[in-house]
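Please go over the structures that come below.
One chain, subunit A, links the two complexes that follow: it is found with subunit B in the first and with subunit C in the second.
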Partner chain A sequence: MVLPPDVSQAEFDRAIAAFRNAVGPDWVFTSDDDVALYRDAYSPMWSEPEERVASAAVAPADVGEVQAAVRIANDTRVPLYPISTGRNLGYGGSAPALSGSVVLDLKRLDRVLDIDEANASVLVEPGVSYFDLYRALRDTGAKLWLDCPDPGWGSPIGNALDRGGGYTRAAFRNHFDAHCGMEVVLPSGGLLRTGMGAMPGAKTWQQYKAGFGPWVDGLFSQSNFGIVTKMGFWMMPEPEACLIGRIYADKYDDLHALVRILTRLENSGVVNGMPGFGSPLLQRRVPADPQNNDPNGATQIDQALHDAFYTGDDAAKALIAERVKSTGRSCWSALVKFYGPERMVRLQWEIAKEQFGEIEGVRFGDPEFYGFPLSDADLEKIHKPTFGIPSLSVFNFGIRTDLRPEPMVGHQAFSPVIPRTGAAIFEANKVFARIFTEEGLPVPPFNLPGCVWERALMLICIFPTTHDVETNRKYRKALRRLIAESATRGWGEYRTPVAYYDTVMSTYSFGDHALLRFHETVKDALDPNGIVSPGRYGIWPQRNRGGPR
Partner chain B sequence: MASRRDVLIGGGSGLAALGLGLAPAGIAAAAPSAARAVPPLFLVDRTIAPEVGPAAERLGSAAISYSGDIGMPWLDRIEPLWRRYPQAVAGVTYGGAFFCLERLARSYGLACTFRSCPPLPGSGQLVGTGAEEVAAALLTASARSGWPRAANPAAGEAADRPLAWLLQPAGNHQPRGN
Partner chain C sequence: MSRPVAFVLAAAAVLACCGTLYAAKPGPAPQGDPARGQAVYTRWCTACHGRGPGHPGTQSLQVKYGGKLPPALEDRTDLAPPVTVQFVRHGFALMPPFRKTEISDAELRDLAAYLARNRK
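Presenting the complex of A and B:
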């Protein structure tokens, strides 16, 4: 068992006894077998001294017990690491950022407190998973859609607090932005409600986000300033229809116009579902394409074509043009989704086609049209989160490919935010390919960005995590370099595995790290004993800064 | 200390020795007094071995045949079953679906007591009583028609590799882990 770095065994034992008293002995886990269940199955530091592991776990039943646990932590200086459903695989699982922390497992706070169909909102506790919420919506007959990430076993609160993303309309797929009001147990043990929740008796907690004065909600995302015990979310009213359109462009340089036009259509609200880019020539599917929901689907392409997409010079463009002709596959594709009344989505598609018509030689696929409820046949083949349905199908796909044949147990992502231009896509790909080569790693096929966020693009490079120390070290080194070199160009990670928290935070360095110093000031004011999630997102309390970690 | 392998070989007594045999006292009241001999649910990914479903039914287990996504079977059948009290569930699924179920099972007081990849009927791996035998019988049934069909010989216990497995009530039922 690993103790927190500056806590004695005697103090730790005192904390455990007090936790047992507060939440009941059945809900305090200290055996090695139980604590091992909180290991991060995808840890890129598996079995290395740096791997972050918990010392124990405590599962309170309600807000009062959460407050009691926080008071005990203050008294004994034993750090807590709150999780909601704890399924943050790829970004730390349910393991703490500081080894020796006690995981505060909130799965027992599992009530859907309110479903307001007229307001299209819900109020939930942290232990409510996407599946739970889906069932609750179905049971009440509310015509509301969830926006969920690919794995449906996580929670609206845990995912939103890590600023995760989903697949439907922009207002909902940015999960933190879609929230409206929260309740937080502060590191002091005090209880805070934000927005209209701060006004006793207000009926508008899930209607008006800001309340009065500074809007503090953002402080509780990707942070360690409090333990969230309730959160409201705006939901998407079930649309009458969904239409999916495909656009194909043949020339390498068409990517610039594709991105520009798609962005204009999205910013003006014509395209209101999550769009994406692909390359039929490279056999790169668009993410979340309902017709081809298989990330392993890409087959090997020949090296000359592979290289041409990175080189992009005149000879490369000529080769690509020749291949487009000989294979009949276009160089690029874009996929646009529209949700709304049938007449409207059909009109939106017509408008989109008109605008993409600026690209010489552009072609359009037959649109796919979906009405609701979906047929069983549709349900078998579609990407469910695009239609507000939680799923676990993403775990069926191994991420092993011909290029990366080694056995892997999980993944870690390098996911920088880049400008929404074709030029940025080309430049980022070239930089990453150079780093892969220099680090002795295979260069993956040309990467096309996800459009989860409005206005910006995000490239996602997936690296394996294994149980082999040397392999993990190799990938960690490459990932650190990607983070650092990206930062010199102004491309920053939106989220990162625990192993890279400090590295990424150090790249947001404007004004001699003014942002981190601000975080630390807030941390010290709210959590002087440093008992909530020390180290999360690179924010360390005073006691661990430059000291024991 | 007994390993998982010992548990398999030892059958029911091995499970009990590890605290994996019976439902915990707190929820025993809700559970029927006699433990069921066969898992009440048997999950079958029909893209692997559709004939396992009917074989499971014949042996008294309700088969859930699905394709690819374990999400809806989880929501509609498994979670409601486990919410009542921990009950064994067996399956022949891809590793990815099992990875999810094994983790979800922890929160409901169940643990994996048998896992075989590839499942090799007749290889001596399937020794035990009750539920294990059911799994063995089902696997034998499936093997007769040439299962596994979609096995990828290069893979380890990976997301895209078929597995036979058994989840059984464990020593406690608290929500734990990820």
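Presenting the complex of A and C:
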């Protein structure tokens, strides 16, 4: 068992006894077997001294017990690490940022407190998963959709606080932006409600976000300034229809126009669902396409073609043109989605086709049209999160296939935000391919972005984590280079695994790291004992400043 | 109109790729309740291990066994309870372990009993 770095065994034992008294002995976990359940199953530091591991776990049942645990932590200076469902695998899972922390497992706070169909909003606790909320919506018959990320076992609160994204309309797929009001246990143990919730008896907590005075909600995302115990979310009313259109372009340089036109259509509100790009020639599906039984890794790679997409010179373009001709597959595809009344989505698709018609030789697939409720046949073939249905089918990216007889054991993500241009997509891919080559690692397939965020693009590069120390070290070294070299080009990570918190935070360095110093000022003011999530997102309290390196 | 609800959400897990290593040995009689275990399975396991396409665990086991064993776990007749416990508490490949706040020990016994109900 690993103690927190500056806590004695006696103080730790005193804390555990107090936790047992506060939440009941059945909900304090100290045995090696039980604490091992809190390891990050996808840790890129698996079994190395640097792996971040908990000392114990405490699972309160309600807000009062959360407050009691925080007061005990202040009294004993034992740091807590709150998790919601603990399923942000690839970004840390249920393990703390500082080894020796006691995980505060909020899974038992699992109530859907309100579903307001007329206001299209919900109020939930952190232990509620997307699956749970989906079932609750179905059980009440409310015609509301939830926007979910690909893995549905996460928590709407946890994902929003990590600033995760989904697939439907922009107002909902930015999960933090879709929230309206929160309740927070502060590091002192006090209770705060934000927005209209600050007014006792407010009738509009889930209707008006700002309340009065500074809007502080953002301080509790990607931070360690408090423990969110309730959060409201705006839901998407079930639309009358959804139409999915596909656009195909054959020339390598067409990507520039595809991005430009799609951006214009989205910014002007014509395309209102999450769009994306793919390459039929490379057999790279658009991120929102259904995966079904055709997981990545199931096809042989045409190495010359793979290399040509990175090179992009005249010879490469000639090779790509030849392959387009010989295979009949387009170089690029774009996917656009429309939600709304049937007449409207059909008209929006016609407008989109007119605008993409600027591209010489562009072709359009037959649109997929969906009304609701979906048929059983539709449910078998669709990408479920596009329709507000949580799923785990995304995990087929790493399963056993005929070409990959041993399944992956984990993954980590490098996710830089880049400008919304074709040029940025090409440049970023070339930089990443060079770094991987120099690091002696296989170059991943040419990466095409989804458009989770409205104004920027984000490349999500998934890399394996393994149980082999040397392999993991090689990938970590490469990822640190990717982060650093991206920063020199002005591309920053939106989110990162625990192993890279400090590395990424150090790239947001304007004004001699003024932003980090601001975070530290807030941290020290709110949490002078440094007991809430030390090190989360690179923010270390005074007692641990600098963190474990 | 607002609809206050307070769903107390039960716990449980996603089971994964159970190997033949454990499969042939008869184990102790299941002590859990298969009916309750089915509810645990439905809530936690079917997203990966349900029947039909779109279930990664099922797809993976289809490749592994090539049809010699059913790819959906609830169609298996060789899963002794300790096998289920092993995979839920230790995970396998991309399947993480499940904590006791998700699947309690009692629920895990029920789940194991459900998956062992047709054991030969």
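Basically, the second predicted complex is superposed on the first by the 524 of 549 C-alpha atoms of A that agree within 3 Å, B and C clash if a C-alpha of one lies under 4 Å from a C-alpha of the other, contacts with A are read in each partner's own complex, and residues count from 1 in each chain.
Going forward, a contact is a pair of C-beta atoms (placed from the backbone, for glycine too) under 8 Å apart; a residue touches a chain by one contact, two chains touch by 3 or more.
Owing to the predicted nature of the structure, the values given are computational and were not obtained by experimental measurement.
A.B. asks: Based on the shared subunit A superposition, would you classify subunit B and subunit C as clashing or fitting together?
C.D. replies: clash
A.B. asks: Figure out whether A:140 sits in contact with subunit B (first) or subunit C (second), or with both, or with neither.
C.D. replies: second
A.B. asks: Can A:38 be said to touch subunit B (first), subunit C (second), both, or neither?
C.D. replies: In the superposed model, A:38 contacts both subunit B and subunit C.
A.B. asks: Return first, second, both or neither, reflecting whether A:396 touches subunit B, subunit C, both chains, or no partner chain.
C.D. replies: Both partners.
A.B. asks: With the two complexes superposed on chain A, say which partner A:217 touches: subunit B (first), subunit C (second), both, or neither.
C.D. replies: A:217 sits against neither subunit B nor subunit C.
A.B. asks: Which one hits more subunit A residues, subunit B or subunit C?
C.D. replies: Counted on subunit A, the partner with more touching residues turns out to be C.
A.B. asks: Applying the touch criterion given at the start, work out whether A:380 contacts subunit B, subunit C, both or neither, answering first, second, both or neither.
C.D. replies: A:380 sits against subunit B and subunit C alike.
A.B. asks: Just subunit B (first), just subunit C (second), both, or neither: which does A:289 touch?
C.D. replies: It touches nothing on subunit B or subunit C.
A.B. asks: For A:88, decide between first (touching subunit B), second (touching subunit C), both and neither.
C.D. replies: first
A.B. asks: So in the superposed three-chain picture, is A:128 touching just subunit B, just subunit C, both, or none of them (first/second/both/neither)?
C.D. replies: Second partner only.
A.B. asks: Going by the contact rule set out at the top, does A:118 touch subunit B (first), subunit C (second), both, or neither?
C.D. replies: In the superposition, A:118 touches subunit C alone.
A.B. asks: From the superposed pair, tell me which subunit A residues show up as contacts to subunit B and also as contacts to subunit C.
C.D. replies: 27, 29, 34, 37-38, 41, 57, 59, 86-87, 89, 93-94, 105, 107-108, 127, 131, 135, 152-153, 380, 384, 390-393, 395-396, 398, 400, 405, 407
A.B. asks: Which subunit A residues qualify as touching subunit B in the complex?
C.D. replies: Against subunit B, the touching part of subunit A is residues 26-27, 29, 34, 37-38, 40-41, 57, 59, 83, 86-89, 93-95, 105, 107-108, 127, 131, 134-135, 151-153, 296, 380, 384, 389-393, 395-398, 400, 405, 407.
A.B. asks: Enumerate the contact residues on subunit C facing subunit A in the complex.
C.D. replies: 1-9, 11, 14, 17, 43, 47-48, 52-57, 59-60, 63-64, 89, 91, 93-94, 96-102
A.B. asks: With touch defined as at the start, can you tell me which subunit A residues reach subunit C in the complex?
C.D. replies: Within the complex, subunit A contacts subunit C at residues 27, 29, 33-34, 36-39, 41-42, 57, 59, 85-87, 89, 93-94, 105, 107-108, 110-119, 127-129, 131-132, 135-136, 139-140, 142, 152-153, 290-293, 295, 380, 384, 390-396, 398-402, 405, 407-411.
A.B. asks: Any idea which subunit B residues touch subunit A in the complex?
C.D. replies: 26, 67-71, 74-75, 79, 94, 96-97, 99-100, 103-104, 106-107, 154-156, 158-160, 172, 174-178
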